[in-house]
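For reference, the structures are reproduced in the following blocks.
Same chain, two partners: chain A is paired with chain B first, then with chain C.
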Partner chain A sequence: MMQLSGISINRFTKALLLCASLWGSAQALAQDAVRVEITGGTEQSLPIAVTPFKNQVAVINPDFNLAQIIRDDLARSGSFTPMKESEMSAAVLAGELNLDYWRKMLQDYLVIGEIRAQGGDMYQVDMRLINTLNNQEMVARRWNGVSAPLLRTAAHQMSDAIYTAVTGRGGAFDSRMAYVRVERVQGKRKMFLLEVADSDGYAPRTILRSYMPLMSVSWSPDGSKLAYVSFENRRPEIIVQSLDGRSRQSVAAYEGINSAPAWSADGRSLLMTLSKGGNPDIYVMDIESKRLTQLTFDAAIETEAVWSADGQSIFFNSDRRGQPQIFQTSLANPRDVKRLTFEGKYNARPVASGDGRYLAYVRQDIGGFKVTTQDLVSGSAKVISTTGTDESPSFSPNGDMIAYSYNDYRGGVIAVLSRNGRAFTKLAINGDVRDPAWGPLNNSQ
Partner chain B sequence: MFRFLLRHPWATLLALIVHGILLYFIIYGFMQKNTQMNDVLAEISEADLVQAEIVDPRVSQALTRHPTPVEDKPLEVPKPKPVQPSEQQLAQAQAEKQEADRQAAEQKKQAEAEALRKQQQEAENQKAEAIQKQQEADLKAAELKAQAEQALTKEKELAKEKELEKQKQAEALKKQQEAEKQKTEAIKKQQEELKKQDADKLKQEADLKKKIEQEAKDKAEAERRKNEIKEQAKREESIRKAMQAERESEARAANSALVKQESATWISAIGAKVRRAWIKESSEKAICDVYMRQSREGEVKEARVKSCEGEASDAYKRSVELAVRRASPLPRAPSDEVFKEEIIFIFKPQ
Partner chain C sequence: MRQKMRVALVSSLSVLLAACSDPPVDDAGANKPVVVDGAAGMGMNNGGLKGIDLNTLGAMAALEDEKNYAVGGVQPTIYFGLDQFTIDGKGQAVINHYVRYLQSKPTASIVLEGHCDDRGSSEYNMALGERRAKAVKDALSFAGIASARIRVVSFGEERPAAEGNDEASWSLNRRVEMKFPQ
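So, the complex of A and B:
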C-alpha cells in the first residue's frame, strides 16, 4: 500500500512538474510572441449558410421548407445573417460539401440537413452545424418520426439548437405567441380574436372570439393559460383561460379599472392594475385565494406592472412625475420606489427580459412611439425600432427578441425586433393584429 | 814426378783443374741421387711426423713396433746441401771454363809433350779407377736404391694400410661423431626448434599483445584525434556562428530602423484586419488573449483563447478566436526579419 502510495505520489509529482514545465514554456512563448491589441470590433450578425435539405422535395407543402424556416428564424434573431439560397452555387445546391467554398464566401457557419420519408406522412430529419473556420462540427442531431404538420416545429427546434450552439444562449424559436386580431364581421362590426401562433406567426389558432375588445394578454409561465382583459361585460375584467378552452375564469372584475395582468414566474400570482380604491394602483393577486395585495399607493396613475426576473420587485408605469415614466419597487418595501427612465416625455408599457438584464418599453421619441431597450445594469437605453406607432413590446423567452405591434396603412402589425436592433421582421399574420405576448418555450410545458 | 810438375806448372794446374772438374761432376752426380732419396725420406719423415701428432695411441704403438728404415740411412755423413746453380753462375762457370780451357789448351800446348804420356797413363788409370768406383758406387746405389724402394714400398703399404685404417677409424669416428653430431644437432635443432617455436610463440604473443596494444593505442589516438577534430570543428563552428551572429547583428543594426518601420506597419495591418473581422455578437466586456500561429504566407494555422479577464461566455471566447481565423490570410510580412510566426491578440471591447 505504501509502495502504491509512493508510486502515486511520484506520478503526481511528475505530473505537477510536467504541468509546471508546460506552463513555463507557454509563458515563455507568450513573452516571446508579438502582442497586438484589438479594440472595438464590429457588432454585427454572424454569417451562416443553411443549405437546402437533401430530399426536400419529399415534402410537398412549400411551407415546410426546413432550410428556409431556419434561415428566417436565425435572421429574426438579429444574431445571424443567413446567406440567401439564390446566392449559393449550383454545386452547393446539388449537395456538395466544400468548406473552402464557404470560407471563400465568408460564411462562418454551415448548416446541412437531410429529410427521409418514413412512410405514413412521417419523416426523419438530420441536421448538422459546422464551423467553417475551424472545421468543427458543432451540432449533429436527428429528428425521428416527425409528422408533416410538425416539420415546422422541428425546424424551429433546429434553429434553437444552432442558436444555442453558436451564441451560448437558449433559442426562442420553438415558442408561441398570443395576440389579438381584429376582424370586421360583415364589413362593419369588429370581432376580436384571441389567437396563438408559432413564434414566426405561422399556424395560428383562435382561442377566443369576442365582439368586445380584448387586450393585455399574458402567458402563464407553463404556457397552459392566458390572462387577458376582456370587455365582454362592457367593463374591463381580467380573465384567465386555459389554452385548450376547458377553463375560463374572471379573476378580477372590480369596480373601475381591471387591467394589465402579468403572471409571476411561479405561476401563483398575478399582477394587475385596479382602481377599485379610486385611483389606479398596482396589486398582486394570489390566484388560488384571490387575495389582493396593494403595491403602489401614490395618487398618480400606476399601471402596466411586470415582474422582475427574480420576482422580488416590479416595474410599472406611473405619471407621478407628471408624465408616464417607468419605476421600480420591491415587494418587500413597496414604498421604496425608484425611477428608471429619465429620457423622453413618455416611457410606458415596460417589460423585463427573462434574464433580468434588460427592460423594454415604448418611448415617445422623435418620430413617434418607439420600442426602447434599457440595460438595467448600466442604465443605458437605446431606441431600437424605426416605426413610430409602437405598442405592447414583449420579450422572447431568451430575451434576445422583442415582439411588438404597430400600425401601418393596413392596421395593426406584429413585428419582431432583435434586442440589438439589427433585425426587424414583420410576422406573416394576416389581418389587423396587436398586443402580442410571447409565450414560454414549448418544451417548458 | 814432382820435377815434372814443377816444369809443367800449367799442365799440372790444368790437370788439377780437369780432375777437379771431374771430381766435381762425380760428387755432383752422387749428390743428385742423395737429394732424390732425401726428398722421399723427407716425405716419409714428414709423414711420420704427421703420424706422431695423431692422438690415437694404437697408431703410435704400431709406429713404435715397426720402426722405419730411416734409421739405417747414411744420413750421418754431412753433405753439402745441393745448390742448384743459377744460370748466371752457369754462364760464369761456362765462361770461366772456356777461359780455363783456353788457358789449359795453351798450357797443354806448352806441356803437351812432357806430360802427354804420363797423363794419358794416369788418365787411363784414373779413368779405370773411376769407372770401377763408379760401377761400385752405381751398384751400391742400385742396391741402396732397391732397399730404399723396398722399404719405401713397405712403408708406403704400411702407411697406406695405416692410412686406410686411420681413414676407416677416422671415417668411423667421423661417422660416429657425425652421427652424434647429427643427433646432437638434431636434438639441438629440435630444442632449437622448440625454443624457436616457444620463442615464436612468445614472439607471436608478444607481437599480438604489442599489436593489440598498438591497436588500442592507435584507436585511442584516433579517438583523441577525432575528438580533437570534433572539438576543433565545434570551436570553428562556434566562431563561425559568433561571426555570423555578429554580422547579422551588424546587418540588423544597420537595417534596424527600416525593419522597425516595416514591422510596425505590418503589425498595424494585421491588427486592422483582425479588428474588422471581430464580430461581437454580444456586448460582453471581457478582455481576452488569443494565441495565434501563422504560416509565412499569413495563413492562420492555430488560434485559441489563452485567458480572459472578466466574465466571458463561450460565445464571446469563440467570437475572438473566430475573429483571428476569419482574418486569415493575414497581411504577408514584407521580409523574414519582420515576420513573426506567433502573435498574441489582446481583445478589448470598448
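So, the complex of A and C:
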C-alpha cells in the first residue's frame, strides 16, 4: 500500500499565528463538482473554514484543489458545515491571518495550508488546523515529496487528521470504494466492470471486465483482495481476486446459489450463502482449507450474512416469518437465533458498523426501499435515506458514513449518507454503477 | 496456459459471432482481449492496483442469451407476481407444452433460469429467483420429467428482460426462462 502520510511540523506560536501573513492571493478555484445536500437532523454540525492552500496555483490539475477536496470530505461526513470559498472575504484571504474575522463569521475552526513545488512534479504540503475560539493550533502536519497524482490522497489524509482532532473519532476519507459498473457494448450487450476508486469516487480503476453479471463485493480486511459473485459460467460463483491481479480463484461453485460473501475481520474466513443443501443457508468457509461449517438450518431463505464487530455472531436476512427480516445468531450456538427487526414488512441486507454500535439495512416502507440504521444498544431504528430504490449499504471504516446505491432515471447511482442522516452526497462516479463496498483505511495496511 | 485458453475462447467466439446471422454483432476488434490495467492512464500509483486480462470473461455465457429456444411458437417463459413463486394458469400451460416437448425428446435436458425484478435486495432476489425456478422444476417433476434432466440456476435481478422502472417492465422481469442446452 501507499506509504504516504504526514509528519508533525513545528507549531506556530500564538504571536506568530496572529501576525502571520496569510496567502498572497486567493485563488478562484472553488468548484461545486460534488453537491452535498443537508437533509436535516438534530446533531450538531460544526462550522469550519478551509481556506485556499497557498500556492495552489502551482498545481495545474484542477482535480487537485486541496482545500475543496477537504471541504467535500468534511461535508460528506455530516459532522461539519464547511464555509463556501465564495463566501470568504477576498480581502481576508489576501491579507492577515485574522482570527477575529473567522470568529465573526462564526467559524469555530480554520484550516490553512501551503503547497511548495519541489521540482520533478513533486510537492511539499503543510496543513494547520486552528480552533478560532481559543487560538489553539490543533494539527500541524507536513506531507513531503508528494507526487502530483497523490495530492488527492494527501488531502484525504488531511481530512482524516482534521476529523479526528475535532471529533475524537477515527477518519475514513483515505480509503477506497469498490463497486460494479454496467456499460453497454455497442449500445447492446452489457459489460460488467469491477472498479475500485478513492472513497470520494475519484480515480476509478477497473480490475475486471465480464460480459456476465458481477455483484456483492466484499473487501479482505487488509484491503488486498476482493471477494465477489460472478456469473461468468452462467451461474453464481464466489471469486476471490487480489487487487494486484496476481491471483484469482473460484472458492465456491457448488450446485445452486453461491453468493453473498462477507470477509471476517481476521481475514481467514468468508461467510456465504449456499443452496447446495436444498435451500439457501448461511455457511462459513475457512479460506485456507475451504472447509465449510453450516450456520443456519431453516427451510426458508437465509442470506446476506455479515459479521458482528466482535466476530462472535452474525447478522443475516431470513424470510422464515414470511417476509425478509434481520436476525442474529452466535457462532458458538447457531441454533440460538434472535430476531432484530419488527417495524416494516421487509428488512434486508444488514451490515454492522466497525464499533459494533449500529446496524444498517434496507427497509421497505411507503416511500420504497430505504437505508435504515438501528442502534444495537437501544434497539431504535431510523430511516435515513430520501431515495426509494436503495440497495447494498456499506459502512465507512469509522462507521460515521454509509455508502449505498439506488436507481435514478439514468441508471444506478452510488451515494454516501452520513449515519446521522444529515448529509447526502452523490459520489462523482459517472455512468451506471451499483453495489458499493467501502474498503478499510489505506493507512491500516 | 490460461492465456492460451482465453485466446482460444476468443477465436471460437469470433467464429461463432461470424456465423451468427441475427443482430449484426460487434466489429472484429470488440472481443479481442484487452489488458485491464487501471493504474495506467489514471496516473495513480494507488495501492499497486493492476488489472488482469479478463476482457472476454463470460463472453460465451453471454452469447447463450442470443439463442432462440422457443419450440412450436410458445415462448418458453413463465411469469410471476410480485414476491411470488406460485405458477398461474398461463404459466402452467407453458409448462404443459414443454413437458410434451421433453417427452418427445427423451435425451434433452432443460435449464430453468429464475429471475426477479430489481426492487429490494439483490441477494434476497437471488434466492427468490431460485425459488421460482424450483417451483417450475417441481411442476416438471410432477408431470413425470426426471429431475436428473432438470438444472436450476438463479440470476436474481441481474439479467432483466426489460429495463424500465415501471410495473410493465417489472412484470416481464419476474420470470423463469426455460433453456435447452445442445
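The definition used in the following text is that the second predicted complex is superposed on the first by the 402 of 445 C-alpha atoms of A that agree within 3 Å, B and C clash if a C-alpha of one lies under 4 Å from a C-alpha of the other, contacts with A are read in each partner's own complex, and residues count from 1 in each chain.
Keep in mind that, in the parts below, a residue touches a chain if its C-beta (ideal position, glycine included) is under 8 Å from a C-beta of that chain, and two chains touch if they have at least 3 such contacts.
Quick caveat, the model's predicted, so the values are computed rather than measured.
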{"item": "Which of chain B and chain C A:D108 touches, first, second, both or neither", "value": "first"}
{"item": "Touched partner set for A:T373, first chain B, second chain C, both or neither", "value": "neither"}
{"item": "Which of chain B and chain C A:S45 touches, first, second, both or neither", "value": "first"}
{"item": "Contacts of A:S418 with chain B and chain C, given as first, second, both or neither", "value": "neither"}
{"item": "Partner chain in contact with A:R169 - chain B first, chain C second, else both or neither", "value": "first"}
{"item": "Partner chain in contact with A:T296 - chain B first, chain C second, else both or neither", "value": "neither"}
{"item": "More chain A residues in contact [chain B versus chain C]", "value": "C"}
{"item": "Contacts of A:L133 with chain B and chain C, given as first, second, both or neither", "value": "first"}
{"item": "Partner chain(s) touched by A:R234 [first = chain B, second = chain C, both, neither]", "value": "second"}
{"item": "Residues of chain C touching chain A in the complex", "value": "23, 26, 30, 34, 36, 38-39, 42-52, 54-59, 61-62, 64, 83, 118-124, 126-128, 130-131, 152-156, 158-159, 165"}
{"item": "Contacting residues of chain B [partner chain A, same complex]", "value": "267, 270-271, 274-276, 278-283, 289, 291, 303, 306, 313-316, 318-323, 325-326, 340, 342-350"}
{"item": "Residues of chain A that touch chain C when the two form their complex", "value": "1-2, 147-150, 153, 176, 185-186, 188-190, 192, 195-196, 198, 203-213, 215-216, 223, 230-236, 241, 243-246, 248, 256-257, 259-260, 273, 275, 280, 301, 303-304, 317, 319, 323-324, 346, 348-349, 362, 364, 368-369, 389, 391-392, 407, 409, 435, 442"}
{"item": "Complex interface listing, chain A residues touching chain B", "value": "26, 29-30, 32-46, 79, 106, 108, 131, 133-134, 166-169"}
